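In the two complexes that follow, chain A is the common piece, with chain B as its partner first and chain C second.
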Partner chain A sequence: MSDLPLIQADRAVPPPATTTSTGGRRRRLRLLSRTDRVVITLMVLVPLLLVTGFVWMPAAATVLLSGTNWDGIGPLNEIEFVGARNYSDVVNIYPPFVPAVQHNLLWLAALFVVATPFGMFLAVLLDKELRGSRFYQTALYLPVVLSLALIGFVWQLLYSRDQGLINAVFGSSIDWYGDSNVNIWAVMVASGWRHVGYIMLLYLAGLKGVDPPLREAAAVDGASESRTFFRVVFPVMRPINIIVLVVTVIESLRAFDLVWVVNKGRNGLELISALVTQNVVGEASRIGFGSALATIMLVVSLVFITIYLATVMRENRE
Partner chain B sequence: MSRPQSQAEYLARLVPPSVAGINRRSLLAGAAGTGALLGTGLLAGCGDDSGSGGSSKDVSLGSNQSDPKPKDVLVKVTDGFKTSSGVQVAVNTVDHNTFQENINNYLQGKPDDVFTWFAGYRMRFFAQKGLASDISDVWGKLSGYSDAFKKASTGDDGKQYFVPASYYPWAMFYRKSVWQQYGYQVPTTLDQLTALTAQMKRDGLTPIAFADKDGWPAMGTFDILNLRINGYQFHIDLMAGKEAWTSDKVKKVFDTWAGLLPAHQPDSLGRTWQEAAQSLQQKKSGMYLLGLFVGQQFSNEEQSDLDFFTFPEIDPAIGAKALDAPIDGYMMARKPKNEDNARKLLEYFGGKEAGDITVKNDPATLVANGSADVSGYTALQKKAAELVGSATEIAQFLDRDTRPDFASTVIIPALQQFIKDPKDIGGLTSSIENQKKSIFTD
Partner chain C sequence: MSTATVTRRTEGEADAPPRRRKLTPLRILLHGFLIVVSLAWLFPIAWAVLTSLRSYDYTAANGYVSFGGWTFDNYVTAWRTAEFGQHFINSVYITVPAVLLTLFLASCVAFVIARFSWKLNLVLLGIFTAANLLPQQALLIPLFRLFTEVPLPEFMSDSELLYDSYWGLILINVAFQCGFCVFVLSNYMKALPRDLYEAAMVDGASIWRQYWQVTMPLCRPALAALATLEVTWIYNEFFWATVLMRTGDKFPVTSSLNNLRGEFFTDNNLVSAGSVLVAIPTLVIFFMLQRHFVRGLTLGASKG
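What follows is the complex of A and B.
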């Protein structure tokens, strides 16, 4: 059996004009040995099962549960379906929802407009091989190693109204974490502090990979430093730029730890992820309602994922 | 769903290493000690040869007493149980908040035979759902409890599901030295309280310390105002979802609170109760409405300077005899491995001996069993016990008297919203009412 395809393939080579593209594909397939086929099948099946089991099934379950009023207690067959009531409740009578959406968008904007460009700027500076650049690199990267939860504690020491460093030094009495007009900014500074280091390192790695002759050529042509960066280096770094963009979006969507540590995502620090946790995890167990929030978050994420995938695929086609 | 859950566990692990280290060490020491004792005490053979580790000579206890002091007291009590009955208690201690947050999964999974819990709505809910066992027979052997405690241990079906161990009242705490210095008198009416806060402001003090960063302390203020203005029964009905939050009665509570709010420490939403208690301790604030545990923020020498009064009367027809005094205690899981031992343990927990051990070792709580020897109480404890003893009704605290989803996802944001903007009471109460209707569906 296994010999047969090989012979056919050999024969198929001489008349090229008559072979269509389907013929070519068949030929390639038949060149694979049985082991190859088993390996390929496994390589497709195992990740497929993992992705289905750990990503798609829970996602589908979340969407399904969002149509129920399950409280996490009792057998599954006692679950009652309530249609779209959870969604209408979320939008109409749940006061934290609108602020949460606004804060998520604000978070994205702040990281995108301030933190990410600043991290890139630092990377460009560090790329100049200043004296002690290793030290700066370590100092700037250090927050990335800390968990966001820990960062929450660290900044609490600075921000505490009565006992914090900032108010002690400046003699002010600003309630950094408690005033709902201020705390989202205070928290975003703490989150940006970490994000800057992350982006810096990513970008620095990219910059190190840029071909030096490119810059030399630009210099010989008389281009200024900034012109060289924007016209030569930046376009060359396109793959890194896309990664940085994706990282920024992901970071802003999954922002959670910091606000949770500060005040469990209440009073001015509402984020969708924190609302999901408040409702689903813990004693509350409003699983149906929380799932509706999670589904909304999933849809928002899907928008960004779709845009990203569309961009990447279009690029590949070109 | 797995992500946040691990997140919660992850956050729970953020206990400072010093504390975690102590826990682990003391656990190990305890395990070693119990092992040695088991070796000498295990004379009778295992009656129940299941081989799964559940011998008739032990019983497991799930505990949320993760703070060093109460944890130590629990070890002493279980040691006492072993001495009297020969049954070994395997204590499984979990961080207090983690225990509370995971209680649903815990009780539906493989819970310990006996577990720590609170009296209140949630206790009755677990009883109704069949997640806890009826222990009326244990109550038949208990003595020394007042009717209030028995009532607080009874489920909706009239059977008992809970053994009270300790409780603590909520009251207005103050430092005697500060009050002597300025010559303040304990207020007995709302007008006197208002006058007192005005005087304190003139004396350069923050009249009422206040913190609500964590969301729950403000519930204490709401509760006491509601109890004074509308009485105990209205509190219970409101918490059970039977009364409308848009009613004038609730609006009056918020109105009264709004009147008092300027006397409270400002910027409370960024402050923890510990920080507020420290402002009282540092003599910057005049008084603080909190539970007896406020004493934790005072050094041993300062304990005798701490005093309290119950929140003053607002409506003479209602009086000032009801208060929040949450009761902590024990329940039995739905299918305990060692049911006989579990009942014995609960009987011991509810007995005089366990009460005596607690009195001797923990100055921060009051023992629920009235027959316990309370001569070891501090002056503050004695006064607190008298206060609760003279109370006509004892409420459990807002988040223990209502559904947890309602308390945490509706009331906490609503009260914080009120503190931020005390003017829009109409909008706030109708928002609460709308959400209440969608949660209290059954």
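What follows is the complex of A and C.
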């Protein structure tokens, strides 16, 4: 799923009661009957096994496989460790790798420099309790409910060379999805279309959470609106800013559906996620190779997930 | 939590009339800008609806920048050619059990995390939340192998494997979506007064009864918001079905789009009719349950 939610800590939560002292804890445990303890264990264990088995174990296995020459078909005991060879192969003898990294970075830059600030800007405007604000909001986040795969099709109606609206209006004959010079930009516009509404929604919620007296105080002091925003409101929303940053990074790393429906991530639309998939379900299955690519994705995402969790948990404790 | 929002809104309304009355040039500019942006944002969807209602012959002869050739035939053709009926049913088979199971399992973990203040709870929360954020493609290789190794009895899947079965898709969706729900629900549950449990304990209620009869009824708003969100997400899920399914007529709607491309390639009017058909369920959810949808996405943030 390409969606990343805003998971923000609940500031209204009171700090955990002082029962964390060992004495209290032991007493509490004794209050639980044997059935209770079995029930609690099951309540945690079943979901935990599911998440470990389907998410964390495969993630660990990906890292292990990236050091082997396994072909994906042979028995597991024929696996040989080859060290970092897959990584050096990926970098040196795999032509799509460099474009894929460039495209992922470009994707991140486009979302981060254009779509995210624009979404923020719209949120600030819509936070003013305007008449018709509901209409504006609905129009802007309507794309958020559509899947990125579907968005690829909706934009094809504008981008298609022979039947697309853009070429019909401007008299051009560019194949927006097919021409490898422009298609990454075309796809990023479609993805930004969705991202803007999403960021707007998250920031709007964040702005509603800013203490009104804080803004009033700034206004009384004679600060202009833009000054109030940059000097008072924006710094107060630091946790949300970090979360939105991480969400943007992970979204651009996970970008997949859109390029896959267009042309399976080839010919100008290479992305790391698409390369991994090509190496597994494509005609040539190069497992060690694909795993090395996947491990690179994992490492990058884990760095940002850690930042995310640290932010969210700190908020939680406060 | 909601009190903060409510007071805020009444304040806003109280001082809104004087602000609204003076329509300064700046305000007009602001409205003008927002109207232009909103219409631009709606345009791709509106264009898809418009194109889907016109006959291919008419637009081929007169171009797309024209007016006329209205017909419903594209929908009939698209529905029949792409077998949307079957794909919609497949989506229901996957989405409904996956959402129910996700909410049930996530609420169990969230309850334990919120009810007790054990040190391990933080680790547990981290394991679940982080799992939701990993890139799916990074797990694909071992999962693909795992799915092709695990046998299922024939009455569960005609592939007799986890691969190419609804069961496999349901499980992977649940495993992936649990993290988000655990996080939101555990926060929501932590905000409930602890006296409830003390009272329940005095009455001799077991842990299971505390969960099912005390906590869960109080979590209805959060569960409704999450259910709305998860239905949309799992319905929209594209990647897992694309790589873990093989049989064409077992694909859920969103992933079946990939095959549609070949069939409709030369006819944009059919593509648009197909797109509108696929979008309808999410749009219905969006307009009917908008409040839940938005609250689900921003749950926690609105509680400041």
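Observations
Keep in mind that, in the parts below, the second predicted complex is superposed on the first by the 233 of 318 C-alpha atoms of A that agree within 3 Å, B and C clash if a C-alpha of one lies under 4 Å from a C-alpha of the other, contacts with A are read in each partner's own complex, and residues count from 1 in each chain.
Throughout what follows, contacts are C-beta pairs under 8 Å (C-beta built on N, C-alpha and C of every residue); 3 or more make two chains touch, one makes a residue touch a chain.
These figures come from a predicted structure and were not determined experimentally.
Touch criterion met: A:I93 reaches chain B, while chain C stays clear of it.
When the two structures are aligned on the shared chain, A:Q163 is found in touch with chain B and with chain C. By the touch criterion defined above, A:N183 lies against chain B but remains apart from chain C after alignment on the C-alpha atoms of chain A. In the superposition on chain A, A:D71 contacts chain B only, with no contact to chain C. With both structures placed on the common chain, the touch criterion links A:A149 to chain B and to chain C.
When the two structures are aligned on the shared chain, A:Q278 is found in touch with chain B, with no touch to chain C. Of the two partner chains placed by the overlay, chain B and chain C both lie in contact with A:D257. Measured by the number of chain A residues touched, the leading partner among chain B and chain C is C.
Once the two complexes are overlaid on the shared chain, A:G53 sits against chain C while remaining clear of chain B.
Contacts of A:A109 after superposition on the shared chain: neither chain B nor chain C is touched. Across the two superposed structures, the residue set of chain A contacted by chain B and also by chain C is 58, 61-62, 72, 149-150, 153, 160, 163, 256-257, 260-261, 273, 276-277, 280-281, 294. Contact residues of chain C toward chain A in the complex are 1, 4-5, 8, 11-13, 16, 19-20, 30-31, 33-35, 37-39, 41-42, 44-45, 47-48, 51, 59, 63-65, 105-106, 108-109, 111-112, 116-119, 122, 124-131, 133-146, 171-172, 174-180, 182-184, 187-188, 190-191, 194, 201, 206-208, 211, 229, 232-239, 242-243, 254-255, 257-258, 260-261, 268, 271-272, 274-275, 278-279, 282-283, 285-286, 290, 293-294, 296-298, 300-304. Contact residues on chain A toward chain B in their complex (touch as defined above): 58, 61-62, 69, 71-74, 85, 89, 92-96, 149-150, 153, 159-163, 173, 175-180, 183, 256-257, 260-261, 263-264, 266-267, 273, 276-286, 289, 294.
Across the complex, chain A is touched by residues 1-2, 4-5, 7-8, 10-11, 14, 100-105, 108, 122, 129, 131, 213-215, 266-271, 275, 278-279, 404-405, 408-409, 412-414, 416-417, 420, 431, 434-435, 438-439, 441 of chain B. Across the complex, chain A meets chain C through its residues 1-13, 16-17, 19-20, 25, 28, 31-33, 35-36, 39-40, 43-44, 46-48, 50-59, 61-62, 65, 72, 122, 125-126, 128-132, 135-136, 138-150, 152-158, 160, 163-165, 168-169, 193, 196-197, 201-202, 204-206, 208-210, 212, 240, 250, 253-254, 256-257, 260-261, 272-273, 276-277, 280-281, 287, 290-291, 294-295, 297-298, 301-302, 305, 308-309, 312-313, 316.
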